[in-house]
Amino acid sequence: MPKRQFASDNHAPIVREVIEQILRANTNHAPAYGEDQITRNAKLEIARFLGRGNGDTDNIQFVPTGTGANVLCLSSFCQTWEAVLCHELSHMNTDECAAPELTGHLKLLPLTGDFGKIDLNHAASIMNRVHGIHGVKPTVISVTQVTELGTVYSLEELAAIRDFADEHNLKLHIDGARLFNALITLGIDAPTFIKHIRPDALSLGGTKIGGMICEAAYLFDYPQENELIPEYLRKQMAQLVSKGRFISAQWLGLLRDDVALRYAAKANAMAELLENKIAEADVRILQKREANSLFVELWPDEAETLLEKGWLFYNFLEPRQYRLMTSWDTEESDIDEFIEDIKPITAARTI
Amino acid sequence: MPKRQFASDNHAPIVREVIEQILRANTNHAPAYGEDQITRNAKLEIARFLGRGNGDTDNIQFVPTGTGANVLCLSSFCQTWEAVLCHELSHMNTDECAAPELTGHLKLLPLTGDFGKIDLNHAASIMNRVHGIHGVKPTVISVTQVTELGTVYSLEELAAIRDFADEHNLKLHIDGARLFNALITLGIDAPTFIKHIRPDALSLGGTKIGGMICEAAYLFDYPQENELIPEYLRKQMAQLVSKGRFISAQWLGLLRDDVALRYAAKANAMAELLENKIAEADVRILQKREANSLFVELWPDEAETLLEKGWLFYNFLEPRQYRLMTSWDTEESDIDEFIEDIKPITAARTI
Amino acid sequence: MPKRQFASDNHAPIVREVIEQILRANTNHAPAYGEDQITRNAKLEIARFLGRGNGDTDNIQFVPTGTGANVLCLSSFCQTWEAVLCHELSHMNTDECAAPELTGHLKLLPLTGDFGKIDLNHAASIMNRVHGIHGVKPTVISVTQVTELGTVYSLEELAAIRDFADEHNLKLHIDGARLFNALITLGIDAPTFIKHIRPDALSLGGTKIGGMICEAAYLFDYPQENELIPEYLRKQMAQLVSKGRFISAQWLGLLRDDVALRYAAKANAMAELLENKIAEADVRILQKREANSLFVELWPDEAETLLEKGWLFYNFLEPRQYRLMTSWDTEESDIDEFIEDIKPITAARTI
Amino acid sequence: MPKRQFASDNHAPIVREVIEQILRANTNHAPAYGEDQITRNAKLEIARFLGRGNGDTDNIQFVPTGTGANVLCLSSFCQTWEAVLCHELSHMNTDECAAPELTGHLKLLPLTGDFGKIDLNHAASIMNRVHGIHGVKPTVISVTQVTELGTVYSLEELAAIRDFADEHNLKLHIDGARLFNALITLGIDAPTFIKHIRPDALSLGGTKIGGMICEAAYLFDYPQENELIPEYLRKQMAQLVSKGRFISAQWLGLLRDDVALRYAAKANAMAELLENKIAEADVRILQKREANSLFVELWPDEAETLLEKGWLFYNFLEPRQYRLMTSWDTEESDIDEFIEDIKPITAARTI
């Protein structure tokens, strides 16, 4: 059985730097529910990372799951009759078991669009259909960066969405479960990204890039008089962990010394290597790789053979489309082993 | 500033045995979302702890918060028109920000009762008032063990509640956020407790007794054909963490070699010591201590003086009622220091 | 089978004046969803009735059910983490099948109190327990006038609740499903009542006093900038009927020429007559009658005998407590017939 | 101002036969909440109309709004993690203000498709994406007959959807707010329609075809042991009117002597006449008329001129697309007047 797989960055362990901060936090008593000093430090760290000075006008909530972060961001802006525009393949629409609707009490309005990216024409047609109190009021548009299909919105694409949001008086939310990987792809730092896009809310994922249970909901310039809304919602959604310092500590581990960014660069680089090497093994690449996942074509029986050899990875949306994902700990040797196991399979293909 | 406080067992750090299991789990890739081997092991361990053989007919879900465990247990039995009888001071009614109603989609029916324990007469009067489809259908009765007021239901009291549940066709849920402490107080092991009470659901808390983020929803003899219901609910409630092995590993740390029970014994013993020593300091004890919390009478200015000396603890329900809580790491020296700081205060009282 | 029963004013037919207005409204086309002229007229009429001039700062929604009116009033003030103080026997807590929680997305905090009236001491103890984001935030206190137990809050009692609401920054809601009967009991007109109590919201019931499907949610001085909130909620709660003019027309029938008040006076007077005559039949009255319902003591077999004779009425809360309710169409002859049927039953009692 | 408009069949008054039944029902007392004899009769009548014998295995709920009927039908089959496939332009997705999600506690999965009809390929691609507990479980497919775009599914199209439902183990719901009009278009009677499609649930609309407040949720062969589920839901959704006999009576008026069907035939015939005559006035018809609505092309300033002349009708989805709808009371003279007012407008067009 391979030590490391290409199934998901969720399968990877915790990075050393996060473990160290957990151990460092594990001393004496500290106030519960995020009232501790480590949490205050982590909030400053995350604000600094995003280029928000000390983040005084921002509202930051640490939560245990990415679904929790998404729903918290959205619900902080939506009443029950308000709605969120999102891609039909977005995590919140397909992989959160209706948490936005049932736990967040809002409606999603799914949009089509190639490569997992929102088609603004579809968004515009929905906005044009809004008619008073009969339908919901679209209030937020949510984009996923990196998308579920491994693609990365360019700054131009994001700027167009920002313009669309401004034009239609929508808040802009970014599901950044893999934002670190996207920043590497775009080749820019977080402050530049944030200044360019001016999101109103960001779900920032720390788990996939090396944390243990480490997610954040970041609300930009959230009204001071409403500051308790996300707090109440987090509690109501059962997302307020009692020993909060141990989520916060993980963020210190990920953000200090650019740890998460460096691991993201590693994961992306490994995906690029995989992309290059797998082409040599005669495997068709279905879509240009942009971050840390690669979509390739395999016949089901070929995939089956690889699974029997101990490799774990997922079929994705189409019968012959498979996702290969690298993570912070992927090694070149993993790729080589995998390619070695593929080669006889593709070599056996008859034309 | 004291290293350890009497504010809450939630303020305590993580026990060594849990840290060790987290570190041991942190190796190579493992399936996400609880599909890993460590999770399977932890489920067996928790079933064994409760005397359930290999727990084949039980349904076990690990979650990050106690609120999540409670709501998951209740929602697994309730439709939207069904309701849960619980004490008016129970955590689910007063400290979960309407999570049972809004995240769990059910109604709570709060009951009165002295010392945080349900008054079955009140429960009976509510059951007698049920009239068809106009009101909700009570479906579950929930008891908290240890209660919010630090009391412990006796086996006789619990048996009466079990009988009441049977008579009225209710499921019985135990909020066991501090069940380990209660077992020590009762002087029985978990299998005896479970066999005696036959709960249908148990929220078992690991965080307060030394875990980091470590809670479980345990459903006894849950119908095999409904086994996905708690799974769907956990996902929908944003309680399914991706790197699930790291919650499961904590349970291994707590349950193997009776670690949690031994720490609970320590916490209870320290509360007993505090009870004995504080009496000497002329502080009135408001209610017989039963587990790891002590309710004492202080005047607000006295409490203020102690807070200024760095001690943290909470006022509770009544103006002069304060809760002092020990935890797994409380040392006799902590108690001595605290008593030393109290003595001059009570000595200064004029009669 | 008696033509008229003492079961409920809900069992009564529609008054002539309402029918006339429905027929008058039934001509040609009119805009749907309450955008028609009859609805505008009905809003003016209801504002006038309550002494609100043309009601310019008020928000009025016509809905088909009393539960709809209650939930709409409450939800117009509450977020999902906010809560409503109400009597434990109030209709919203016991007879609306969790509509406030599940359709209105808020939590009820039930209060004890004799004779169906809120005990403000209990309310105060709950307010004192509120602690930040852990529990819900009480936002509204709701009183029912006439109460479920047929009692009527005095102006002094209501003023005390108004003071309590002001002190704790709560909105005050009145469930006035039988407000017309209460006004008769109090001997004051609606404007005096409203000026004295200054409610923030009123569920005004028209169905029980002679309407067909005829309820209203009245929000006093509701912020202009939020005016669409109750509109969205009404639609979302499926309470927006398409041919809205036919609910509005009913209100014209009830409010013009004091129709509803006159019928309420009739119903109350008949209840008083019943109270006087039934005492002669040796039936114990359990509670002083205040509006249009009378609570009397009967043995279950006595009630059974009356049911066999065709009389319909309900047992209420206690084994020997029965509610007898008059309605707008109760005649003295109904009472006489009923008494004639009771007399042999009570005469047969052995002491 | 014209007496009758082409805005919506919701703008029309109540038919004489419904009024007569309301008046007939308005006598003496009757049990509330649908426990009366008229309701029992109306249930038999509706079962007979649908060819269901006495409807013994069916579950029928009368409700005041079409949104209520839809949500009740869907919620009777769905848990909170279950979902409903429906057209993206369906009433439930665009005109019910998220009632299915927020009042019904389920998720909608909108589908594309031309002319308001579901594209089964899109449905199939969504079914293929379902992956265990991460996403919702599709449980119902809902079709609207007549669709929001005035089209009518053929029996073949519906049979294909029925097959799809069977293949994927989905319940089939029909939103029949205008089912009477569709039956006329298809030229078949209701029993034939039902036998052919075997729906599991039907929202049957009586208001648009001549009722006042008159909708029904019809569940076919609903499990006897679950019979209270729709009852509880109806109450919880505030859809249970107290004087239920007055909704039921309307159904007697609509169903006896084929009243509704005859009025539907009238409305459809008038739409056909409008279609023929408007073509002569040089107005482009955008889509073949199938029931009682016609979609035509007008320039906004042309529509404005007509509005100024007192005509009311709605723009629909596209900038130059306007919907003209006939109703049970449309007269040929209405059409002639309307055409007369159009002619000078289109005559003034420059090419």
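Letters are used for the chains, namely A, B, C and D, taken in the order the chains are written, and counting of residues starts over at 1 for each.
The rule is simple: a contact is a pair of C-beta atoms (placed from the backbone, for glycine too) under 8 Å apart; a residue touches a chain by one contact, two chains touch by 3 or more.
Predicted model only: the values in this text are computed from it and were never measured.
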>> Suppose chain centres are the mean of their C-alpha atoms. Which chain sits farthest from subunit D?
In response: B
> If you tally the C-beta contacts, which comes out ahead, A-D or B-D?
Replying inline: A-D
> Taking each chain's centre as the mean position of its Cα atoms, how many Å separate subunit C from subunit D?
Replying inline: 33
> Can you give the whole-Å distance between the Cα centres of subunit A and subunit D?
Replying inline: 41
>> Centroid from C-alpha atoms only, then distance subunit B to subunit D, rounded to Å. What do you get?
In response: 51
>> Touching at least two other chains at once: which residues of subunit D meet that condition?
In response: 33, 80-81, 96-98, 102, 105, 133-134, 232, 235-236, 240
> Contact residues on subunit A for subunit D in the complex?
Replying inline: 80-81, 83, 94-98, 101-102, 105-107, 110, 112, 128-129, 133-136, 317
> Tell me, which parts of subunit C touch subunit D in their complex?
Replying inline: 2-5, 7-8, 10-14, 19, 22-23, 25-33, 63-68, 71, 96-99, 102-103, 105, 207-208, 212-213, 232, 235-243, 246-247, 312, 327
> What residues of subunit C sit close enough to touch subunit A in their complex?
Replying inline: 33, 79-81, 105, 133-134, 137, 228-229, 231-236, 240
